[in-house]
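Okay, so chain A shows up in both of these, paired with chain B first and chain C after.
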Partner chain A sequence: MDESSLPTPFRIALEHLREKTQAEARVDAVCNNFAYVWVSDLRKANAEAPPGGWIRLPTAFPFGNPHGLVTTEPLKREDGSRVTDAHHPNHDMCKPVQSLGGANYYSWTWQDCPPIRDPRDIVGVLQWYERRIRRG
Partner chain B sequence: MKLDFAIAEANHSRAMDLLFGPDWYRPSDPERGFLAALYAASGTERRTLILGEIIEPLPNEVYWSPAKGLVMAHSYYSRAINRLQEMPGAGLINVHSHPGPRAGLAPPAPSPQDLDSDRNELGAVSRVLFPGRPIGAAIFSAGGGISAREYRFKRPTTRKEALRFARKGPSILFGDRVRIVGRRLRLQEGDPHRKAPPRPFDPVCTDSSILLWGERGQRLLSEISIGIAGLGGVGGIVAEYLARLGVGRLVLVDYDRLERENFNRSQGATRREAAHRIPKVKVYSRVTRAAATAPRFRVVAKRASAAEEDGIRNLLNCDILIGSADDAFARQVLDHASYAHLIPVIDGGTVLVSRPDSTIIAAGKCQIASSGVGHPCLECQGVYTREEATVARESASWGKYLDTDHSSPASEKELRAPSVICTNALVASLMVLRVLSIVLGTTPATTSGLQRYYLENGELQWGAIKECKPACRKNSFSGHGDSHHIPTGVDLRWEAIRKAERE
Partner chain C sequence: MPAEEIVDHNANHKKHFEIFVDGIKEVWERAEVIAKAIIERAGFTDPEKFVLEALDKRGGKPAAEFQPDEIVNLAEKDRTFFRVTPGGGGRS
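And now, the complex of A and B:
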């Protein structure tokens, strides 16, 4: 997808993410003001789980909060049990990346998290997603 | 396209201090000057040049020469350009003082020597600054008058052009008006060569208000342009009030249609318009034209969402914005626009909660707040949260109804909230009083802050927040104009209407 149409602060965030942790990060879809950013190295709690997932970031990032994660397989905890917190299999939110395998939506919100102030805070956002996965 | 010059109150104070500070008058050193960042801020019909960070001169970088006049050293220009190249979108403005007139706000005219040195010095600057960055010059008089001009230099593309370049000269455009923006908004004439007479006002129709703020105040109202984002129960009433007060120009932005369901709170609308589902911008164009007391009243109607690019660009032609869209997404967009483009925003809304099987209103509030440079932002005042703005971006129905009825599934619920014209009118009155306070200084104690009226006990209270929270970054992009990305997007409610109308 052509990333040049995305707002400048969003592109700065994406570049920063690529530079710092996720060299292969890319935007696979934009739908209803949200971009589905594929992060291939998203660390999952269960070692057998396939890597990667789409984090949903508002195109207004950093002035809007992240909302939700889409994965190909259901997430599992360390002990192998499924993550059930806000899990919606085959939800409408998966549609933009359904053709790429997106089938599990986790509707996690940024409510009560520290405010995002800068495009470079995207690295912390990714760490937050990883913590949410670990906590299950 | 019209050109304005704008400056934040704090920068204006610093500029006046640098140019006319306590020891400013020295017979052998009659003028002073400095360089500053300059930003462009664009609406669809107006471009504003905004004076940004002042790059203060070091000793001997600015001096008076009897032969050359005011001299700004090359080292000062170099230092300033190095600094500006690091600031996205920033151009350069050269500001200097004229000792006279020492009274009155008449914009000072540049002398032939001023224009000559601009051509040489700013012409050279234009070659080293990144393309597209604005270049200008301004003069401040001791009496408070300001004039500003923008230079457009042709960039040479060949060696031959480069050699002929300086002789050919630039195009110069003077700013029509100067806006000094802080808690108050001050408007001044900006073009020293302006020939057009000031906009007239009707002294008969407005005689009762002239008794309050005089002919000068009434003329100011006739010169001002106010944008209204959202023409629901509140915005429609505000539009009519402003037209009757003598405001010279209104820009109305809304995408909704008048219908029987919203007719009971659409002041000035007719049953016929409701039956024909006329767009609200059209209805209120008619209402405001019929109500206007300013002789050359103009209304611009744009069927759009303030949260989308074309909606907000129309509003950026205005001097003050009214936020009556009752939507966290639009509120966030207006909040950003108020700081980046130096346009104060007055936001207002009302929420009512009914009690089942009773005529008693369980809870209700009418709230107004102002935002922009010199005010705390809407987000810090708690008018909206980042999370609310985020959710409003991805859901067409979010915030449209109060979840009080648990008996039916959400999908079957009517997307409506209780509303009544008298609370809308209360909010509208408070908002227009705030406009008068910001523009005319009518009630200095009510220029800033959040006011909230609680219906259930009849109390009007002030919010506690007087300034933005320490971590808030709105002031970091104050006056940055187009170089700050306003977080617009697709308004899904408007998108759904557009889709339905296309089909």
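And now, the complex of A and C:
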């Protein structure tokens, strides 16, 4: 999609993410002021898991907090068991990327997390997602 | 002279531990360090809100994670490269 319409701080965050860790990061959809950012190298806990997922970032990022993750396949823990923490298969939140395979929504919130202050904090946000997957 | 007096196999006796936290070099003069001190030295002003992840290599995958009040033994395996990750999180 055309990313030029997104707010400048968001685009700075996206560029920083591409430069630091996720060269192929892209916005696949925007719905209700949340962007679905595809990150192909999102580290999964289970080695056999298909790569990638959509992190839901508010277009107001870094002035708004991340909320949720959408994946094509259910997430698994390192031992192969399913991640059950706030898992909602085929949830409405998947719809914006459903045509791309989005089918599993994890309604994780930024509650009790450190405040996000800078577009470059997006790298830490991605690490936070990876940690939640690992602990799920 | 017994061999053990010549060769020190105990890494805890090292005088300096060079580590990298989010690419920032830190040198500690003891093996056991509280995680929040490592986080704080890396430039985070509110270390209690983060966790420290030990990586298996530079840019690698997490091998262990430490809450701010946990002790990190820098003499152990996979304790050279770290990253600081936001703690907390809820669900809706």
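Annotations for the structure displayed:
Quick note on the criterion: the second predicted complex is superposed on the first by the 136 of 136 C-alpha atoms of A that agree within 3 Å, B and C clash if a C-alpha of one lies under 4 Å from a C-alpha of the other, contacts with A are read in each partner's own complex, and residues count from 1 in each chain.
Everything below uses one rule, namely that a contact is a pair of C-beta atoms (placed from the backbone, for glycine too) under 8 Å apart; a residue touches a chain by one contact, two chains touch by 3 or more.
Being a predicted model, the structure only gives us computed values, none of them experimental.
With both structures placed on the common chain, the touch criterion links A:117 to chain B but leaves chain C unconnected.
Look at A:1: by the touch rule set out above, it reaches neither chain B nor chain C. Within the superposed three-chain model, A:59 lies in touch with chain B and out of touch with chain C [touch as defined at top].
When the shared chain is aligned, chain B comes close enough to touch A:34, but chain C does not. Contacts of A:67 after superposition on the shared chain: both chain B and chain C are touched. Contacts of A:108 after superposition: chain C is touched, whereas chain B is not reached. By the touch criterion stated above, A:23 is placed in contact with neither chain B nor chain C.
Shared-chain residue A:86: touches chain C; no touch with chain B. Residues common to the contacts of chain A with chain B and with chain C across the two structures: 67, 109-111.
Interface residues of chain A, counted against chain B in their complex, comprise 7-9, 32-34, 58-60, 63-65, 67, 109-111, 115-118.
The touching residues of chain A, counted against chain C in their complex, run 43, 67-68, 85-86, 107-114, 124-125, 127-128, 130-132, 134.
On chain C, the positions that touch chain A within their shared complex are 46, 49-51, 53, 61-62, 65, 83-92.
Contact residues on chain B toward chain A in their complex (touch as defined above): 332, 336, 386-387, 389-391, 393-394, 471, 473, 485, 487-490, 492.
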